[in-house]
Structure formats: structure tokens, C-alpha cells
Amino acid sequence: MISLFFSALIYASLALCVLLSYRVAKVVNLSFGSIFTLGGYLSVFSLFITPIFGAWIGLLLHIGSKRMDTSKATIFSLGIAIAIEEALRILFRVENILLDSRIFYFFGYKLVFEHFLASMISATFLILFLAFELKKPFSRLKLKVIEEDIENAELYGIDAEKARAIVLVISSAFFCIIGGLYLSGRVISPTIGWLYMIFSLFIATIANVFREKAYILILPISFGICWLI
Amino acid sequence: MLEVVEVSKMFGRNVVLKNVTFSLKNGILGIYGANGSGKTTLLKIISGFEKPNCGRVFFNGREITNKAPQEIVKLGVAMAFQIPRVFWNLTVHENVLLAARETDYTAEICKELNLEDVLFKKAKEISQGKVKLLQLAMCFALKPKLALLDEPFASLDAENVEVVLGFLKKRGNEISMIITAHRTKILKTIASQMLEIRGGKIVGSS
Amino acid sequence: MIGKLKAGLIVGLIVFLLFCATPPQTPTPQPQMPEIKIGVLVPKTGEFSSAGLVMENAAKLAEKHAKEMGYNVKVIIYDCGDKPETTKTAFLSLVREGVTAIVGTYSSPQAMTAADTANESKVVFVASVASANLESKVKTGNKYIFRNAYNTSYWGILAVEFLEKTKAKSYYLIGYEPLKTFNLGMFSLIKNSTKAEFRGESWVKSPTVSPEDYKRVAQEVAKKDVEVIIVGDPGLGSVDFVREYRLAGGNATIYSVGGTLALPDILAKLNISGIAFQAAALEVKAKTNLTKKYFEDYRKYYGTEANNYAGILTYDAILIVTQAAAKGGDLISNLERGTFIGAAGVYEFDENHQAKWGSEKLQGTIGIYGEGRIQVVS
Amino acid sequence: MLVNIAIRILVLVLLILPAFLDCYTKLLAASALTLAIFTVSWLYLEKDSGWASLGHSIPFGVSAYLFAINPLLIFFSPLTTFLLFPLSIFGKHTFPFASFVFSVFLWYLAHHIVFEGKGGEEGFRAPSINLDLIYLISVTILVLSCLLIWKISNSYFGLKVKAVRDDEIAAKAIGINPLPFKVLGFAISCSLASIAGILHAAIFGHVSPSVFSPYFSLFPFVAATIGQGKIWSSILGSYTVVFLSWFLSPYVPEFHYAIYAVALILASYTQSYARSGRSV
């Protein structure tokens, strides 16, 4: 049950990233999967470089897909995704990589330390975002306006470009670091990230149905889905 | 021909139309009033794009209150939006043809509303004014018995206003119309009766 | 005069003797063996690319060793991707290269398609990994398919053997949904032929829909009181399952069908005791003189531990075809009649063109990892 | 203009030439053909109805399965429309990835399709037809479907479909009921995709869950992109992709995925797509 809750936390935050980049950055970021995998491979060297690479790819995405409509930007991200995957396949042409993991005791439960860390980071991410959602009405309004229509937002002097960049960079960095943590203790392959991306995409798609309440409901939804499937 | 009985409409809490009642035998009815006074909503309710909270609308004795827009159009009520709704990726000719269903009538209307020069341009490639004319052309290409024109003169230059006026006067004889505007000056020149609408209520008629 | 004649005679005699004494200067040339071209289908790209790499290495190694044995072999390696479609096209392009026979392919659908294509293009195909139901094809007159890999029932037989050897009282089955057909075949055989008590079975959903499902199963199984858990997933997921199962406090012995959980370096890194697994052969238990050679050279040339199923069987398949083809004449009848030495044992094919796994010369090995090293169970 | 003519001639050559070549080339050409039909069907949905589907492997794969299980079932294949159409409730922007996710889901489900003890991950043996015959059929169907689509999209009916694509409210305003035209747009496209799927199954004589894999769901998109969204050049596009990914892959394994990546990235920069430009 507890591990279920922890993974629900992780997927909720991943789904939140997907949702944000869909609503604010206007892109269904299919490259998250590969970024996740990349995180896993990078963690072989050091965990601390994962967010840097993630952010860098996020920036690349932003610059590459500036001023594109959703579908085109989505396609662009898919291209990036396959490119990263291929790069990994060519660079790490090894049979199997099993990432290290440490055991951690949590109220008598045995857990993988990295996974625990990942869920804690996700929890913080979620809380911070919700705080931003509820506490800062003006920034929230800004966000809403951008979600409604980028051009309008710019008419009202909101720097949508900046918001877009921030969202893409943060979400990619987040995916990358969670990948680094959550894949530890697993045998990884260049395609492994797709699973997590598609699953969080699934959660995001359902959450997206509840227009404004999506951000608040994303955790319960992810918990429900993790519990059902 | 058209009877609007006790029609009210609310968006959330704020009331847009309050017990609007009027009828139109034939000819041109001009509705004027400030922005947000409920003109557009009224036309949308008649043409079926909005459903009233209460009240009924009759056209030639048949109730059309909760009919789908496309059915109402088939009965002979056509609507021209203030913000044009046209098919942006189709040519002007195709746009009008879709409504008119016959080539020569299409050509005739385009000629009258001097759209001939942009006939084979895509709607998204022509100027705002021309799009406005196109919207009118599509509305009249349907050969309606009653045409609902929402701000037909807005965002038109003087020359095009003349074109439209001429066109409406000519058609006014066989087609009844409801025309809304926030400026009465032009309206008075063509309308046979006038209604003033303020805050969702009909406050005066002449 | 006579003296001259004598001298001449003597000289002539000496010359004659000398001539006779000198060995023939032109040695008779040895007959040059015709080149044997063998095509290998390897999933270099797509889902199975990690297995593909192993098979590719093994194939190159086989070529090398065959040459050392004096066979004139040429191995042509083509990528068959992860789809039956790509397999068929790759197969036909190998046929165009004029190969004697084609070995390899990874997944069952690939093997099935390759089998049909073999029949259409009249080229022998030796399935070296997949356990798809190929016998039925042979029965219905497709003489071109052979398989040196296990068939589904042998997977079951090995599992049963393990249960018998360890005198386990009870067992539990963990199926992997994407490999349902394969698992079901294996499970039914286990259920029918072991004395141990069946304590139920669970299925792990495909990670494509539910990446966390192995956790659910692991935790629910950990509660069960059972001695042996048989895991039907040879893939990466099995590692996750084992880790999660132990974390959840399960302490039963885990018997894996091999694959990822049979790789020495993975086991060492994972360092979880009580993981049993089957392998076509293990370094610690040499079957033939080739076994050690395979494992040592693999380590020498590729720097990693040799794969002991997909890799070794591809290696053997190539050697089998080489030996059969070298005899000359009809390849199919050679394969049907002959016996062939490989790293995993001595191969013979039955009437369904299936390698006789379970015969005393050709047996799978069961290893178990504990106290940081691999011991052989049987 | 000259380029267009060149492309058309090239396509015709590609259609006719392989019929006289060896079995391997013919197989490649035949698969390229079926995938070209697939691409054309996708292109119709994308251009005329304005729905860019990234899950077009759904009608493709389902009909292939139907054909493999029992050839008589192919008459149900047009019903695959109703697998894809309901996803249109997500709206044009969300539809691509909704359909993509759904196709992945079917990919998973396909592992569970077991019929008379056969199927599962091994898939089904489809009745394979003589290659020459199937090649002939494919060529005919490709030509016919191009004609059909050309005829439809220049007809008054086609005009209405485009109208609904551009603006449903405007369509209502001139008395067009959007729903039937939306459905028919999907139906035409899905039926063509189904035919492609059936031919594909017949060519390879085997259907496995991989017909739902992202490779096939993305194929028409990539092909159409290479072809700049024009029918003739998209046919050429699908030939190109098949050539790159199936003919070259034995020699340069990593190459064809790289091609995919490049094609997709370029795709996002090409402008030549239909899709309602100004939304009001």
C-alpha cells in the first residue's frame, strides 16, 4: 500500500509535468520518455548531472519548437525523443546495465532508497506547485491566460515565451532526475522510459478532462489509476 | 412571420435578456443598443445557436425555440455573425457555393457584393472587410425568408458600407431582415421599424 | 674400353639411384573445402536490441571457432528488427546473398514468419532462440525448419526437474502476460508432471500498460507460504520482480526461466541469494570441449560475461549448420541424421526437427545463485 | 510543376517496374504499396477532415487481425471507424496523442487475442496469397483509392467535409449538420486503412501484435511529411521510408531510426499541411 502511494506520488508529478507542458507550453511532450531513460543512463556516472542535461534538452525543445502549434511541436518532441533513444542505443551498446540501489527502512517497510527519494522530491514538487496555484492568484491568472490563448496573453504584456521556456526546462529537468532515481535497481534499456511517459500521459489525459480542477485532482487520479491498473 | 415571446437568457448569474417580446411581419427590423445590451444574444437565440432559459420563438407559426441551427436554417432563417464565421481554408467561391448550392447564383451574389476580384483566394488570405462581405454573401446565398444580420456595417470602410447598403435595400423587398447595430444613423436609412434594446430589455420602438 | 663402359654404367647407375632417391618435388594439392555461407538474423534494433548484441557477438565467435576447426565458413549477420515484417525482408535479402542456411531470430512471431519464408524460398532455417510452436509447421510438411533451442515443453521439464532435485513441497507460478502463450504451455506441463503442491498463479501485466504491476504481484506473492516461485519472464521485468519480492519479505527460492536472471554479472550485481535459473550451459559445468572455449573467448573478446541462452544457442546453431554442410550432399538429410557438437552439448534432431533436449548428451543446466557465487543444481 | 510531373512519372515507374523483378524486391515494393495506401488513407483524414491521427494503426491492425482469424470477417473491417471516431471528442489538438495512446493500448491488448489455442504474442498465420497476384491487387487498389479520394475531395460532398473541418458553427449556419460528415470522413479513411491492413497481412502471411506498434501508427505521418502532404509525393514518401527502414536496415541498423527522427523534426517545420489556419 505504502509503495503504491509513493509511486502514485511520482506518477502524479510526472503527469503534472506532461499536463503543464501541454497547457502552458502547448506541446504534448513525447520526448519525456527518452529524457527519463537518459536520466537512468546518466545516473551511472553521477546523479547530479541529470537535472542539468534534462534542463538543457528542455531548452533545446523550447528553442526548437518556438511558435509552433500543438501538433507540430508534439511531432518535434517525438523527433527529439527518437533521436535521444538512438543516441543512447549507439553510445551504450552494452548487453544489460543494472543500476545500483540502496535499501532503506521506512517505519519497518523495506524500500529502495532512490525510489523513496524520488517520491519525496515529487511530493515537494507537487506541494510547491499547488502552493503556487492557490497562494499566488495573479501568477495563476497569468498561467490561465496563457493556457487560454498565447496571443492574448502577449497582448496583455505577459511574457508567454518565458513561461513556456520555464515550464519546458523545469519539467524536463524533473523527468531526468526522477528517471535517474526511479530507474535505479533496475536493468535499463534505451526504450524503458516510454513506459513511464505513456503511463503519465494516460493520467494527464484523464486529468485534463477536469478543466480547471485538473491540477488539484491529479494526485487522487494518479492514485486511483495506480490502484486500479 | 417571426414572433419572439417572453424570451429570457442568463449567462451564469447575469441576465442578458429579460422577457423580450416582439414580432415582425415583414420588411427590415433594426435593433440598436449599446455593446453588451443583448443584441447578439437575441439573434443567436432566434437562429438556434443559443437556447433561451425561458420563452418561445415562432417562425411562420411554427415553434423553433429548441431546434438545432441547421434545421432552423432549412426553415429559411439565415444568420450572419458579427465576428465572421467562414471556412478559412476554402476559396471565397467555394464558401458561397456551399451555401448557394448552384454556380451561377453564387457568381451573381459575389458580383453584387463585389467579391469577384478575390473569388478564388482562400478566405484566410483576404482582408477583414472582404471577409465581412463574404459572410453576408453566404447568408443571402441561402435564399432565406428571414436574414439575421449582426452588425453588418462594423469594420467596413465607407465604400463597402455603400455596397452593403445598396445590396440590403435591393434585397429588402423580397427578404425580411433583422439588423443590429450600435450606431442608429445607417440603420435608420434602411429599417422600416426600429427597436431599442438596453440591458436586455426592449425599451422603445419606432 | 670396358673400364670406360663400366665407369659409364656405374655413373649411370649412380645417377639412376640418385634420381630414384630424390623425393618428388611437386606435392599433391589438398582438396580446397567450398565456402559455407551462413546467414544470421539478429535483432540489432528495436525492443530486443540488447539480446541482439549478444547474438551478434556469439555469431562472430562461432565463425572464428569454426575457422579454427578448419571449416571454411562465412557468417553474414543481418538485422531482423523486432517485427515479423522486417524479419521476412531480412530473411529474403539473406537468401539473395546465396546463403546455405539461416539461423537466429529472437521473438516467436519472427520465428514463425521466418519458418514460412524458409519454406517459400527453400532455404534451411534453424531457430536458435524462439520457443514458438514450430513443430506443427514441420508436421504439416515444412521440412526446412529446425530448432536447436528448447521447445515450450522442455522449459516445463527443466522446471519440474528443479522441483524434484530440490524436493520442493510447493510451488507458485508467476506468468508474464506479453508471453502468455509461452508461459501457459510451460505451466500446464509443470502442473501435470510434478508431485509438488500447486499454490496458485499470478500474472504480471505488460509494463506498457502498468509499469508498476510487478510490485503488486510481488507483494501479494510475498504473503504466500510457498517454497519455490517459478517466474516465466526472461526479460528485464524479472529483476524488478525479484528485488521487490525480497523487499516485501518473501523468502521462497525463485526459479527463473533464465534470460536476464541467468546472467552471471547481473546476479552478482543484484546479489540476492536463492535465485535459481536455467541455462543452455554454464561455464562451471562443461558439456563439451567447446563450452569452456565459448565462455572464455567471449569474455576475452567482448569484455562481458557470455550470455548462456540466446548467445550460446546462436553460436551452436552456426556450428551445427557448419558441420552438417561440410559433409556435403543434402543439408536437410544431414541435419536429420547427423550428430553435431556445440557448446551446450551434442545435438541430434528428432522427426519434428527439434533438437533432442533432455537426452543424456544434450541437457539444460540449472544453476542457483547464493553466497555470492553460482552453484550447479543439475 | 515540372517537379510534380517528375514525381508522378517516378511513382508510375515504381508501381510497374518491380512486377518484373525478383521476389525480394517485389515483396519490398508490395509492402511499400500497402503502406502507401495506408498513408493515402491517413492523408485524407488529415487534409480533408482535419484530424491528424497518430493511432491509424488501429483500423490497419484490427482488420489485419480480422483477416488472419477468418477471411470472412474482413467485411466487418469498415466498423473500425467506430474505434477511432469516438476519440474525436478530445478535440483536434488532443486527438493525435489520444489516438496514439489508444493504439499503444491495443498493442498491449493484441497479446491477449487467442483464438482456438493460437495467437497471443505469437500472432496468427494469415492466409498468404501469391505475391504476383497480391502485387497486382495492391497496385489496382492504390490507383483506385487515389482516384476515389481525388473524386471525393473535389465533389460537393467533399466540399462539405472540408467545410466541417474548417468551422463547425459556420457549417451549421449554412444548414450543414457536422456529425454525419465527420463520421463519413473517418469512415472513408478507416476503410482504406483497413484494406491496407488486410493486404499487409496477406503479403507477410503472418499477423502479430506489432501491427499496432508505434512504427505503424507513425508510418503514414512520417511518409506524408516526407511527401509534404501531397498525395503523389506521399506515395513516394512511403516508398522512401520502406526502402530506408527495411532495405537498408540489414546493412546500417541504427540508420533508419535516425531517419525517423530527422523526418519528424523536419516535419514540424514544414508548412504544407491543411488544418484550419485561423480559428475564431
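Per-chain numbering from 1; labels A, B, C and D assigned in written order.
One rule holds in what follows: contacts are C-beta pairs under 8 Å (C-beta built on N, C-alpha and C of every residue); 3 or more make two chains touch, one makes a residue touch a chain.
The structure displayed is predicted, hence computed values, not measured ones.
A.B. asks: Listed by label, which chains are in contact with chain A and with chain D?
C.D. replies: Looking at chain D and chain A together, the chains touching each of them are C.
A.B. asks: Greatest Cα-centroid separation from chain A: which chain?
C.D. replies: Following the centroid criterion, the farthest chain would be B.
A.B. asks: Identify the chain pair joined by the greatest number of C-beta pairs in contact.
C.D. replies: So the chains sharing the most C-beta contacts are C-D.
A.B. asks: In angstrom, rounded to a whole number, how far apart do the mean CA points of chain C and chain D lie?
C.D. replies: Roughly 39 Å, centre to centre.
A.B. asks: I'd like the Å distance between the centres of chain B and chain D, where a centre is the mean of that chain's Cα atoms.
C.D. replies: A distance of 43 Å separates the two centres.
A.B. asks: Based only on mean CA positions, could you tell me how far chain B sits from chain C in angstrom?
C.D. replies: Those two chain centres are 78 Å apart.
A.B. asks: So which bits of chain B are touching at least two other chains?
C.D. replies: Correct list: empty.
A.B. asks: What parts of chain A, by residue number, touch at least two of the other chains?
C.D. replies: 89, 198
A.B. asks: Among the residues of chain C, which ones contact at least 2 other chains?
C.D. replies: If we look for residues of chain C contacting two or more partner chains, we find 45, 208-209.
A.B. asks: Touch graph across the chains, line, ring, star, complete or other?
C.D. replies: Contact pattern: none of line, ring, star or complete.
A.B. asks: Mind listing each pair of touching chains for me?
C.D. replies: A-C, A-D, B-D, C-D
A.B. asks: Residue numbers of chain C touching chain D in their complex, please.
C.D. replies: Listed in rising order, the residues of chain C that touch chain D are 44-45, 78-79, 81-86, 88-90, 92-96, 107-109, 112-113, 116, 121, 132-133, 177-182, 206, 208-209.
A.B. asks: Within their complex, state which residues of chain A touch chain D.
C.D. replies: 28, 30, 64-65, 68-76, 78-80, 82-83, 85-86, 89-90, 198, 201-202, 205, 208
A.B. asks: So in the complex, which bits of chain A are touching chain C?
C.D. replies: Residues of chain A touching chain C: 3-4, 7, 89, 93-96, 98, 100-101, 103, 110-112, 185-192, 195-196, 198-199, 226, 229.
A.B. asks: Show me the residue ranges of chain D that touch chain A in the complex, using the header's touch definition.
C.D. replies: Result: residues 52, 90, 92-94, 96-98, 101, 104, 218, 221, 225, 254, 257-258, 260-269, 275 of chain D touch chain A.
A.B. asks: Could you please specify the touching residues of chain D with respect to chain B in the complex?
C.D. replies: Result: residues 156, 159-160, 162-163, 165-167, 169-177, 274-278, 280 of chain D touch chain B.
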